[in-house]
Structure formats: C-alpha cells, structure tokens
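Dropping the structures in below, format is structure tokens.
Shared between the two complexes below is chain A, which pairs with chain B and chain C, respectively.
Presenting the complex of A and B:
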C-alpha cells in the first residue's frame, strides 16, 4: 500500500512541476522544473521496478539534455522580458488545449474497459540484463536503425553548426 | 517493564539506513576542515614554508589544526551579502542543489562488507543498489546544476563566465568518465558496486591491472569533474576572481567548499572501489580476516579502514597534483577531453570487448 502513496506523491510533483514548465515566464525556472519533472518520473520508474530506465532517464535527460537547454538560455542570456514576448498565445488557448488532451486520454481510457492486471517486474538484479536481452535479440534491428538515425542527426547538426565554408582565394 | 516491539526485516533496514545516513553525513562534514588543513600544510612543506601553525589551546598548537576550526566559525558568523541584481531564489538554492548530488553519491558507496547486529545483516552502504554504477553516473550528471545556477543567479560577468566554463568542462568530461567505466562492467559483469568489489578477489584481479587505460582516463576525469587543478579554469583566480562563487560569502561559500571536498572524497572512494579492490585488504582474503579476528564486524571494520586509507591516498593525490602542475588553457582542456580522452575511451571499450569475446 505504501507504494501507492509514493506513486501519488511523485505523480503530483510531476504534474505540478510540468505545469510550471509551460506556465512560468522565467526560462531558467522552467528548465529547473523540467529537471524536477524528469526526476519525479524516474522515481515512478523505480516504483514500477524499472531501475535501469530510471537511472538512464536521469542520466540522459536531467544530466545532459536539460543542462544543454540551460546552457543555451545562459549563453543567450534571455531575461524574463524577452521570453514574455515570445509567448504570444493566450493562457486560455493553452488551458483549452490541455483540457482537450486530458479529455481524449480519458475517453480512450474509458473505452478500453478494465485494464489487465499488471505483470510484476523481474527481480531488480535482472533489470539491466532483461533490457540488454530485449535490445540485442528481439529488437536488434529497430535498435540498430535508431542508432543509425541518431548518428545521422549528429552529423547533420555538426554540418549545420560549422561556419559556412567559402571557396578560398587561392583556388 | 516495557515490552520491546518485535522488529521485522523492513523496520530494521529502515532504522539502519537512517543511522547509516547520519553517520555518513556527520563523517562527510568533517572532511573539508581536515582537507583544508592538509591543503595548507602540504604545500607549505613542499615549498619550505611553515603554513598556519599558530591557532591552538594555550601552549599546545596542534600543528595549526585548529586554524580550520577558526575559519569555519568565521565563515558561519560572517555577514551575508547578496548582490542587488541577483536572481534571489536561485542564488540561495544553488549551493544546496550543488551539495545534494554529491551526498547521494557518497551514500551509494559500499564502505565495507555487511555487518551483523543481533542476527540482522546490514550492508555498509546507505543505499544498496543493483545499478549502483549507473546511479552514480546519473547523480554526477545532475551535479552540474549547482555550478551552473550559482553563476547564472549571481548575474555578474565573472560568475557567469566561470559557471559556463565549469559546466562545459563537466559535461565534456562526463562522457570519457562514463566510457572508462564500461570496460570494468564488461570484465566484472555487474553494475552493483559490492559485486564489483567482490569480483576483485585478489590483487591481480584489481581494475588497475585488468584495465589500466580505464584507470588513466578515470583519473584524469576525476580531476576535471571536481574542477580541481590542473582543470580549475572555472575559478582561475588571475582572470575570473573566483569564478562561479565570486558573489558568494559566509555559509554559502562554505557550502560550495563542502560540496567540492565531498565530491573529491566520493570520487576517491569510487576510484578505490573500481580499481583498487574497494574494502579488500591486499593479500588478505576476507574469510581469513574473519577467522583471524573471530568476528564478522571487526573484519568489516578493518575493511572500512582499508577503503578509507585507499581513498585518503587519492585525496592526497588531489593536493599533490594541485601544487605541482600549472593550469591548462581552455582550448587545451577541450582538446584533451574531446580529441584525446573520448577516442581513447571508445577504443578501450572496443578492445576490451574484443579481448573478452576472444577469451570466452
């Protein structure tokens, strides 16, 4: 039973923090709340017995991606005023959009009927092993193709970030 | 007479975790004063100076050991100033955000084999995790935020430049750090730190002998991750005053130092765990020790002392290197990280995997 209360606790944190991410004007505060959201989600993964995913979640998203966001915000030194101008659409549209999304999920959930009982996760020590086995046997091709896609994106971003090369005068 | 409540496994472990957490917290709080003393006396020895040697009780001077106590008292009672243009909330939060991940890091370190109290087996790490190594990597990843936020929230040139340097450096060196750990996971086949220690059952199976290149990369990243010399560009005094903590004073300044020294201690412990057999005493098997001392707990205590001694060596190394090597230039720093350590780390992973596959 304790787990259920922990679940609601972290779920509440995740929901409130993610609301803050989209509603706050201060970009750094929004980025920090994104970190809080991601960590709360990682805690939920731990409760679900997926420790590996939880660690990777914090490692990749909170530890690398959001840090790059904050880095860009700091480099551009966006003050609160500039971002205020960026957010051009009204809060009511946002609210309507969110309620609509929640409604869609609710309708879908209701139309499914009772969910099948959850499958208990494997023993914690098997967690990493299970993920590895799934990735390198059953899902080998999707996994490899995805890594190829990421490699392409990496090369593309390097090409875009490089200064445009002009033909040199000697040529 | 009051009847003692019957304890079950969960209750015992919860109580044990709280006690262990308090012990580690209090222990860790004692590291910075001692280290600051070492960091003043050791360079004094190296440079034929005396160093602080006056503060003491009446005529007992205790080699100036009480100087750091006086400094701590001074830092706590100093008036605190906040720059007018600072982002107040983050300015106050940043030192804490910086400290929290390092404390989590220390709590994942297994300081010794499990002890037995009243028939209950209690592991000697605050949180025992099967994915310990990943947890530590995740936590060091989050550790960048303290530095980043401190510099940004101070809203000054020196602070911002210092924190930009520090965060770029920490992100860059996290990648080789992670890569240096993969060969060890491949060799020992576990992410659990306790299992990693047990797998290094004899001296010749220590990580430093089985994967020396990993050790080299890890050692370099260890210095870079803690922003210590020769990688202390984030606070380069001659150009940035003090870097990201320029605007901080009194207790908050002390918190940054606490964070730095705790991070050093945590990485020193991790280095001993991964490459030097953790709490195992060289050439003495744990079972031998148990039969020799006749108690699991005394043997475990010896293990804890062994780990702390190994970690102390690396703490000493930090000081030694700081007073021996000059600071890198920033482009050199980035070049080492991305053009030397990263390819070396990748090659190391590939070669280790190939060798293991050939041996299997």
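Presenting the complex of A and C:
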C-alpha cells in the first residue's frame, strides 16, 4: 500500500513542477524545475518496476539534456526581461483547449470500460538484465541504427550552430 | 512491488503532463521554454510506455522508452543548435521574430 501513496506523491510533484516549467519567467528556474519533474518521473518508473528506465531517465535526461538547456541559457545570457512574456494567445482558446483535452480523456475513459488486470508479479527480478537482453537480441538493428542517428544529430548540431564562414545571401 | 497502482492513474498522469506540455508550446514565446515543453510531452509518452510495460508484464515498453529518450536527446541537441543559430541571426529567441515562412 505504501507504494500506491508514493505514486500519488510523486505524481503531484511532477504535475506541480511541470506547471512551474511552463509558467515561470526565469529560464534557469524553469530548467531546474524540469529536473524536478524528470526525477519525480524516475521515481514513478521505480514504483512501476522499471529500474533501468529510471536510471537512464536520471542519467540521460536530468544529467545530459537539461545541462544542454542550461548551457544554452547561459551562453545566450538570457535575462529575465528577454524571456517570459506569454504569447498573445487567447485565454479563452487555452481554456477551450484544456476543456477539450479533459473531454477527450473522459470519453476515452468511458469507452474503455474496465481494463484487464495487470499481470501479477509482472516486474522481472532483474530488470536491467531483461532490458539488455531485449536490446541486444530482438532490437539489435534498431539499436545500431540509433547510434547512427546520434552521430547524425551530433554532426548536424555542430553544422547548424557554428558561425557562418561565408556571407549569407540576404545579409 | 505487488500492490499495483491501476494503470488508469498512470494514464491520467501522462495525459496531464502531455496537456501541460502542449499548453506550454501554445502560450510561451520563448523558444527554449517551447523546447522544454516538448520534452514534457515526450516524457508523458515515456510514462505511458513504462506503465504499459508493467501492465502486460514484459520489458518491450521499456526498450521503446529508451529509444524515445534517444530521439529526445537528438531533438534537444538539434533544437538548441537551431536556437543558437536563430539568436545569431535575429538577436533574440522570441517566436514572433520567426516569420520568414509567413505568406
């Protein structure tokens, strides 16, 4: 029973922190709240029996991606005044969007009926072993293609972000 | 680990995170915050994968979740490189300056 209450506790933390991510005007504070959201989700993964996913969530997301965001915020030297106005998006349109989303959730929940109960004891005893076996046997080719994709993203981001060495046509 | 949270509650949490992320894309003008909102939406997809993996009792959802994290890392790297390029070109990163494709 304790796990269930921990689930709702971390769910509340994730929702509040993600609201802070989209509402705060200071970009550094938004990035730190993104770390809080990601760590709360990692705790949810542990409670769902996915320890390996929780580990790569903390290592890759909170450790690498948010650091990348923070580096860019520091590099561009974004102050409080430069960032932070809400777009000229109608409050009513936003409210309609949220209510529509809630309606979709409700309709889907009502049409789903009762879901079948989960497999009891479904969590593997050695989660990392299971995920590694699946990655290196059944999903070997997607895994190798993923490394190629990462290499492409690395080269592309270097090419996009470097200073242009020739004058652009419309400059 | 045997006391299970019903999967509907995980789904509701994932829907909430997705709508918060989508609202962030809609209401913010700052490109970095827009990218962070996209990360929130990808995280809600990850939560769905892990919850489904728990529900059906195998690890394939967790394998897919690691691929989604990989795509998110690539997306963040290229998106932030584009933010730097946009900052060099326009001097700030507000979305209303990006109107070159507006007819």
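Going forward, the second predicted complex is superposed on the first by the 132 of 171 C-alpha atoms of A that agree within 3 Å, B and C clash if a C-alpha of one lies under 4 Å from a C-alpha of the other, contacts with A are read in each partner's own complex, and residues count from 1 in each chain.
One rule holds for everything that comes next: a residue touches a chain if its C-beta (ideal position, glycine included) is under 8 Å from a C-beta of that chain, and two chains touch if they have at least 3 such contacts.
Here the structure is a predicted model, which means the values were calculated and not measured.
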item: Chain B versus chain C as contact partner of A:103, first or second or both or neither; value: neither
item: Contacts of A:75 with chain B and chain C, given as first, second, both or neither; value: both
item: Chain B versus chain C as contact partner of A:3, first or second or both or neither; value: second
item: Touched partner set for A:130, first chain B, second chain C, both or neither; value: second
item: Which superposed partner A:35 touches (first chain B, second chain C, both, neither); value: first
item: Partner chain in contact with A:55 - chain B first, chain C second, else both or neither; value: first
item: Comparing the two partners chain B and chain C, which touches a greater set of residues in chain A; value: C
item: First, second, both or neither for A:67, with chain B first and chain C second; value: first
item: Contacts on chain A seen with chain B and repeated with chain C across the two complexes; value: 52, 56, 64, 68, 75, 124, 127
item: Footprint of chain A on chain C - complex, ascending; value: 1-10, 12-13, 15-17, 19-24, 26-30, 32-33, 35-37, 39-40, 43, 46-47, 50-51, 53-60, 62-63, 65-67, 69-74, 76-78, 80-85, 87-88, 92-96
item: Residues on chain A engaged by chain C in the complex (per definition of touch); value: 1-4, 7-8, 11, 14-15, 18-19, 21-22, 27, 30-31, 34, 37-38, 41, 44-45, 47-50, 52-53, 56-57, 60-61, 64-65, 68-69, 72-73, 75-76, 78, 82-87, 89, 94, 97-98, 101, 105, 109, 115, 118-124, 127, 130-131, 134-135, 139, 142, 146, 149-150, 152-154, 156-158, 160-161, 163
item: Residues of chain A defined as touching chain B within the complex; value: 26, 28-29, 32, 35, 39, 51-52, 55-56, 58-59, 62-64, 67-68, 70-71, 74-75, 77, 124-125, 127-128
item: Interface residues, chain B side, partner chain A - complex; value: 87, 89-90, 129-131, 134-135, 137-142, 144-145, 148-149, 151-152, 160, 163-164, 167-168, 171, 174, 191-192
